[in-house]
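All remarks here apply to the structure that follows.
Order of writing sets the chain letters: A, B, C and D. Residues in each chain are counted from 1.
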Amino acid sequence: MDVFFQQLVNAIVLGATYGLVALGYTMVYGIVQLINFAHGEIYMLGGFGALTTYLALPSGTPAGISLPLMLVGGIAVSVTAAVIMERFAYRPLRSAPRLAPLITAIGVSVFLQELVRNFYPHARSARNFPQLVNPDYQIRLGSNVQISAPQLLTVTVALVGMVTLSTFVRRSRTGRAMQATAQDPDTARLMGIDTDRIIVTAFVLGAALAALAGVSSGLQFGQVDFHMGFITGVKAFTAAVLGGIGNISGAVLGGFILGLVEVMATQYAPDPFSGGAWKDAWSFVVLIIVLVFRPTGLLGERVAARA
Amino acid sequence: MHPPRLVRIAAPLLIGALVLSACGSKKESGGSSGNKTLTIGVVAPLSGDLSAVGNGIKNSVDLAIKQANEKKTVKGYTLTMDAQDDTAKADVGATVAAKLVASSGVVGVVGPLNSSVAKSVAPVMAQADLVEISPSNSNVDLTGRGALVTGGTQVRPYKSYFRVVASDDIQGPFAAQFAVKTVMAKTIAIVHDKKAYGQGLAEAFAKEATKDGATVLKTETINPGDKDFSATITKLKAQKPDFLFYGGEYPEASLLTKQLKSAGLKIPLMGGDGVQSDEYTKIAGAAAEGDYATALGAPTDSLASAKQFVTDYAAAKYADPIGPYGAYAYDAANVIIAALAKSTASGSKSGQALRDDVTKAVQDANYDGITGKITFDQFGDTTVKVLTVYQVKSGKFVAAKTDTFK
Amino acid sequence: MSVLEARAVTKRFGGLTAVKDVDLVVNEGEILGLIGPNGAGKTTFFNCLTGMETPTAGDVTYKGAPLPKRPDLITKAGVARTFQNIRLFNNMTALENVIVGRHTRTKAGVFAAVGRGPRYHREERESEQTARDLLTFVGLGRVGDELAKSLPYGDQRRLEIARALATDPGLLLLDEPTAGMNPNETAAAIDLVKGVQARGIAVVLIEHDMRFVFGLCDRVAVLVQGQKLLEGSPSEVQSDDRVIAAYLGKPTEAETAGDKQ
Amino acid sequence: MTSQTIPEARVRSAPDLGVLLTGAGALLLVGSALLPWAGYAGFPGKMTLSGYPGGARLYVLLLALPALALLRPLPGRAAALRAAANVELAVVALTVYFVAYAGGGFVNVGGGVYPAMIGAILYLVGSRRLPTSEAVAEGVALPDASWRFPVESLVVAGTAGLALWLFVIGLGMPSSSIASGSDLTLGPLSINDVANSGQFLAYVITIAGVALVAGRLGLLKSLTIMTGRHPKLFVAAGFIAAAAFPFTQNGSGESLSIAARIGVFAAAAVGLNIVVGLAGLLDLGYIAFFGVGAYFGALVSGSVTSVTGVHLPFALTIVLGGLVSGIFGLLLGAPTLRLRGDYLAIVTLGFGEIFRITVNNLDGSAGPSLTNGPNGVSNIPDLALGSFNFGANHTLFGIDLSFQSNYYWLELLLLAFVMTSFLRLSESRIGRAWVAIREDELAAAATGINTTRLKLLAFALGATLAGAAGTVNAHVVKVAAPDSFTFIESATLLAAIILGGMGTVPGALLGATVLYLLPEKLRFLHDLRLLVFGIALVLIMRFRPEGLVASKRRAREFHDHETDPAAEAVA
């Protein structure tokens, strides 16, 4: 049983990152129906932003100071990139055929990866990320079940991020305007909502959460690299769809389910279809099964129905 | 009348171009004093996930060529490099191979990194009898060794294909013998990255380890590019192994060993030449202490030339690290250069005749490289059966045992 | 003789009953008007007849045989329709829109299309000819090569009718055929519907323009809150107090009914 | 040429300053193209030869040719010449810059540079002073006479030939990145890199310029009319031109290898076009069907690494490969076609990944033994048709042909078949039904279309064509390995048809060309290659969101008020 609970912990940690990144996909999709394939790169930039901040700080800065600053730095870089991306790559394509922005997104994704690879010093292979939170520090949850400090941090950051976001969207004026825009952008515009601003807000919030995920991933694994966004991005997108795209709770749920499927498939899937080599296949099989029975995801989508 | 936009842009461009280019000096015509040029091609992934490893190969070849030009190793010729990005894909590999074959100045090729790419590159090279030396392919089929495993006769599939690394069926068993007989591992966990190199190595290891009497747990797999291996580690931990063999390369291996030890599974990790890299110890830090890796040849750091290579590489300030195959690529390039020196010495040849000669010369090569002595058997495999096991001590790979594989 | 018989058709959405126990018989060659205040369930009833919605209860027969379940099979059986908010294939030409209507009456499959034998060519020619005739019939003979979406509103409604006619229906269901039309266009629409009737096709139409309904229809059925209030000749319906009450009872809706949508 | 050309321009008949300046500029440019531009040896691209317009000088010459229009006051002449002069200035400036930069200073340029610069400026100034008439060039409508057919045929065939010629120039341009060792190295870039990048840029600009000039002179419209009148001839001429390509290669396989790659991916892109362009189903895992074909082809090729040991004749392989792939299309399609737009996209993406993971695992250790896992099925033998071995170099009509020509022709045939199928389908009852579904699924169902069946059909047919292309590709690259079927490959194929213009054959062709040629030609950029590629994708979508070749429908969608050229031709 210990193994099961340990794997559960592993699943929650993995799912937390997926969920956090999935939120960015879901918010942008909910409002502009754009699959922002470059969102994974925003996550990657968050990690590099934090690394840069760390390197800029005088050595010996206590973790209590550098860690919050790194978060701020990571968020700043991700948000800036997302805003620029929205303004110059996506906004001009609002009225273009539906698939054009998809290609733009792929282009932006390639561009950002290569930008980091070529111009960030020594980023061609993975860069070591300061392990400010000691991974050897294990918190015992049971006789043989444990969670390491950085893993706990990842989960905490994710939960705080998710709760903050959902409170923001439900309670704040801007949040309600976002919901309105997602439901019916034309009416929202008539009601005096500045939809451009709302769309930017969605990008900004998504980027900030992705940056949080990027930084906590850096802390957890002790490295960041230029292609870390691709796999996480695809997984997060899957999570968002699994939960019901456009649906904020859905993204979180989707993230955790995806984490659970991957981890449990590694441990329990019948031989020879178990292990890391098959786990992603299992994720997609679960996704396909879910969508066959619930065509708009587990919690249903929250997107304006547009003809 | 306003000038059109293009004029407003183009006119300053024209003027700017002239101003910029005006400050220069008259160039001597003739270029490089009548020297003829020969080119060594490189096929490796220079972009994407594997670009760091691929560029390590490219840079090492570049270094070899620069040094050969300085020393005038190939008299009467200037060597150049033509590096082609295969993007780690077989079909791109076929295209760049055709490109190199078509370029008449190309007389030898180093690469590719991946065995699957090699399988589309080698046929094109063989067609033109253009010599190709891979610094990293270990797949048994490339030299027909696959038939040996199943009990058949070995037939060479690609007549101009060579490699300077050991194939999986040598390195894997060598590592297994060390693990079982020297480290005295009893219960061995095996993990690989499900790539041709990692899987081939891990399977060969498992076979030998079982034969030697160790208990080998069911092989686990991870995905290249993944960072979170906690699920695999939890699964392994429950089976209480005392040794872990990893088939794959250092980026994943270093994360794996770190997470392994954080999770409290404090057993040594052993890998092949894809792990034996300074990057491994750099990323894994203290967690790598006590881990093992094998590599072909006698310990490189005991050779002055190998130390010199590392120094020279650093001095050349390349953007990418040497990587696991840089040293092999450097040797591969030097084998081709030596073959060129031999082939051109007997008189001026060019085109196909030269390519044929170089291929022959490589076949007969007997070269003291930084990874050891290099000679090839009739199938293109290195005949060197000397391998070394390294262990991480105080953050560095140190030779633990050098032996001849039997 | 009846073309369509609907017996006790009921449609519930969760707790809401949109259509309740509606019986309706359409006779061959007649024009039947379906009126009622907004939200009376007229369009839902249409959707139940054409397979867009599955009725919760009740059954429908067309020319004596039970109506199939899927929209395309219903169309194939002979019931065609138009939509309240026009649904054309916007980026196809008017002619192509109508040719698509021939889909169920033609056969060419993949191999015929790639191989292009004489039979294929004959079928294509026939489809195009039929489509051109129908365009002329609805008065759009000159705009066949225009994109559907670039046509004026009234023409789009006609085009939708032409497309429906191309399926060779025995019964045509028109959902607010004059919505958004000016008086001239409405007058022309009367002629068009009569023309359709003259081709031997029965017509059921949902309409808010009472003059149009009472001027055109042979019979009128009134739907209120999902139930059939009454059915009869235009004069009977016109003089029935309950109908007036049903409309006047909710004057605001009755007023907006005409110009909304 | 036509009666429309007479108006006012002729009234001011005195040779005016504009005409003189433009003519003088053009003459200077032509002259300069025959003089050497690089004053030092070692500059590649034949820029040092005199009396021969080598390298970028060819483009300079080409862009001076529109000045011939000065002889007749054609409508649109002034606009065309202005465009030509603008582009000419850009090409001259660019080329001079690159020659001077590579040479280490302006002092090293050759004698041709000076007249070129003066000529370019005169050309520009002169063209700005040309009398402008309001008349916009219309397409030339030839009268219905007995000589019309031969003339039009010649023009149509000539266009196909010209297109090939331009393609040959583009493909044949050296792109190798020879670095190190040479004393001509310029920092990170070699002299070849600099020269090649300059020439490639000049080439791209020139092509755009020629298209611009042709448009201004109404030639494009004429061409549209003529090809519209002789579509079969145009296609045949294009096919012959494409088939003649290997004869221009002097026995080299380099360009053929790229062209063959473009061909096979264009074929797959056309197949994807059925699914996405016609039926409107977004498919992000399409490469899996290509992979099914490739693996099938590899497994029955008689390769020693194939576990089946079966060796089927190739003609049968390609048909069966298509069928097997089509069955996979049905298997995927059946449960998922209810899904709307982007949900379908993620499911197809998932299917693509499942395929890749599965073939990576079916090696006997992590699953049943079938595909050799990550090693793939390799050592695929060369095709042989009777005594004709596809793997050998041949000589035909005294011209050496590399073995890649054989595969190139094979893929050309495949492409021709796929294109014909697509075109015929798209204009048939089935194709119209697909478009109807794309436009409005509910209305399509109400019009009698069995939407589920037709969507399945689209999936299956798209998969079949991809499968056929895959079997061919397996024989060309000699290995079927999992790395070749990643999500990026699907995305690239999708990008090809969106970039080219959805739902059109020329679009898929052009898109595949751009996406597979551009990275090849950008090799001189070394590490910046993908960076520039990413920017290029963003920019193309920014400025032509409807794709490079918009379909007739889409063109009208975007430019509603423009009238149909065919209608004009009749008028």
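We take it that contacts are C-beta pairs under 8 Å (C-beta built on N, C-alpha and C of every residue); 3 or more make two chains touch, one makes a residue touch a chain.
For clarity, every value in this text was computed on a predicted model and none was experimentally measured.
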Any idea whether B-D or C-D has more C-beta pairs in contact?
B-D
Distance from chain D to chain A - Cα centre to Cα centre, in angstrom
37
Just how far, in Å, is the C-alpha centre of chain D from the one of chain C?
47
Just how far, in Å, is the C-alpha centre of chain C from the one of chain B?
71
Chain C: which residues touch two or more other chains?
none
Contacts with two or more other chains occur in chain B at residues 47-48, 194, 219, 221, 319
Among all residues of chain D, which ones touch two or more of the remaining chains?
360-361, 365-366, 440, 527, 530, 554
By the document's touch rule, what are all the touching chain pairs in this structure?
A-B, A-D, B-D, C-D
Quick one: which bits of chain A touch chain D in the complex? Just the residue numbers, please.
29, 33, 35, 89, 92-93, 96-97, 99-104, 106-115, 117-118, 234, 237-238, 241, 245, 272-273, 275, 277-278, 280-281, 283-285, 287-288, 291-292, 295-297, 307
Can you name the residues of chain B that touch chain A in the complex?
47-49, 51-52, 55, 194, 218-223, 225-232, 234-235, 238, 251, 255, 258-259, 261-264, 279, 282-283, 285, 319-321, 323
Across the complex, what residues on chain D touch chain B?
40-42, 82, 86-87, 89-90, 92-94, 96-97, 100-101, 103-109, 117, 120, 124, 128, 175-184, 190, 252-258, 261, 304-305, 360-361, 363, 365-366, 373-376, 378-379, 391, 402-404, 473, 476-479, 481-484, 520, 523, 526-527, 529-530
Touching chain B in the complex: which residues of chain A?
2-3, 6-7, 10-11, 13-14, 114, 117, 122, 124-126, 128, 135-136, 138, 146, 148, 151, 217, 220-223, 225, 227-228, 230-231, 262-263, 266-267, 271, 275-280
Hey, which residues of chain C end up touching chain D in the complex?
50-52, 70-73, 75-76, 80-81, 83, 87-92, 96, 99-104, 106, 108-110, 112-114, 116, 120, 123-124, 127, 145, 147, 150, 163-164, 167
